[in-house]
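Let me begin by handing over the structure; questions about it come next.
Note that the chains take the letters A, B, C and D in the order they are written out, and that residue 1 is the start of every chain.
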């Protein structure tokens, strides 16, 4: 997450929000945030949300995720929300959303913020306790 | 892809391979390539493979993809292979694989390369012709 | 849906609920509703929800869906809820949930209903207007 | 599978094929095999393929699967192939394909069979040993 430049803005049991400023090197040819960056930040939010409900000392492993790219991620920053749908002993299922925010300044100097849902994720996370990550 | 540092190593109709050197800033806390970087490179390989079968002038849009993370992406470089499963007028379905390569040097100075399948992807791509990307 | 025995219990723009009684021939070896029956009813709810926002005369086609099976679908009936996340001209993305209901009768003759979320779905649906379904 | 009418036609370690005759009650409004029936037979082929590599006494549980519907499943019968991509101690990832076969009789009485790939699946299966299915 440090490479992306994301930061935690909310941590509750089963709920984690990450904020990511949109930097030029994370955008694709049309100036929108690249699908991979969206996937990264959504997967991280989901993983942290899953981890927040796991026993102390456990690690979290993303087994798989599916992302739907709903709209171009234009804007100044995105917020990725990770939410636990079901927490099991071994398998945790999470829902993720990425919302893009654009700030526009009007002729009178006032600032308006528009937000748009740009991606959704469903991911399967695994609890890893006291063994290697490879299995 | 330039942020990631990937380069095209194979382009055939419906088949594209991308190679990505594993740099430190793309790895997560355990030293393995981050899931988001794997998703980026696999999505790019799939997108280019889909684009290779589209009409001249068309653009490609990733509608959704699912990635399974099979093993930690350890190694010096990864190869992402994108293959078209079905090319339609509007919707193209692609298969992606990411293989990680590790080079080890033996006591006699010989070098051995081991490879491991670390991720698979199925993605749905859309042909975009003569209109905005947003729909 | 008639083979399954499902019926529409709610139709609003972008929101459709289907109810399915759990019959023996739809259960697997452990007595729970089979994954395929869950997928059928969730896909149908999502498809109808998508169709409810499409132009008159259009048909809906499921391009792909992902289902997470969260808990055994035990009970007397299930309710599948389909909700549109994003409706586009060509592509519509839907969210689906399947809840299982069990009715138990206590010693005093009172009936209690317990409900449990047993599956979630994300699906991509396509609007088909005035052409064959095959593309 | 008995409700669907599918039967095992091939069982090798990590590879299972199921054949399903297309009966009228499994088709949707256009006369094609319903997405739910395709999902059922593909999920079953994948589950059996996963189970074939699990320890004796273990049970298999589908955690999630994604299906892409590539073409209308027209024809007399379908063949669902389940293949293990990666078998782990806890998690097994499978690939599934469904091929539809149509037999046509020519004017001279000869019979030709055409086949078409109609669906692909990627599924995550879990090994369940000596405990309830619910977790």
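The rule is short, and it goes like this: contacts are C-beta pairs under 8 Å (C-beta built on N, C-alpha and C of every residue); 3 or more make two chains touch, one makes a residue touch a chain.
Note that the coordinates shown come from a computational prediction; the quantities given were computed from them, not determined experimentally.
Judged by contacting C-beta pairs, the busier of the interfaces B-C and A-C is A-C. Homomeric contact chain A/chain D: same residue numbering on both sides for over half of the interface positions. When every chain is reduced to the mean of its CA atoms, the largest separation from chain C belongs to B.
Chain centres here are Cα means. That of chain A falls 20 Å from that of chain B. A straight line joining the Cα centres of chain B and chain C is 33 Å long.
Mean C-alpha position of chain A lies 27 Å from that of chain C. For chain D, residues that reach two or more other chains under the stated contact definition are 63-64, 66, 68, 71, 93, 124.
Chain A meets chain B in the complex at residues 3-4, 25-26, 30, 32, 34-37, 39-41, 43-44, 61-69, 71-72, 133-134.
Note for the complex: chain A touches chain D at residues 63-64, 66, 88-91, 93, 124, 126, 135.
Touching chain A in their complex are the following residues of chain C: 66, 68, 70-71, 85-86, 93, 95, 117, 120, 122, 124.
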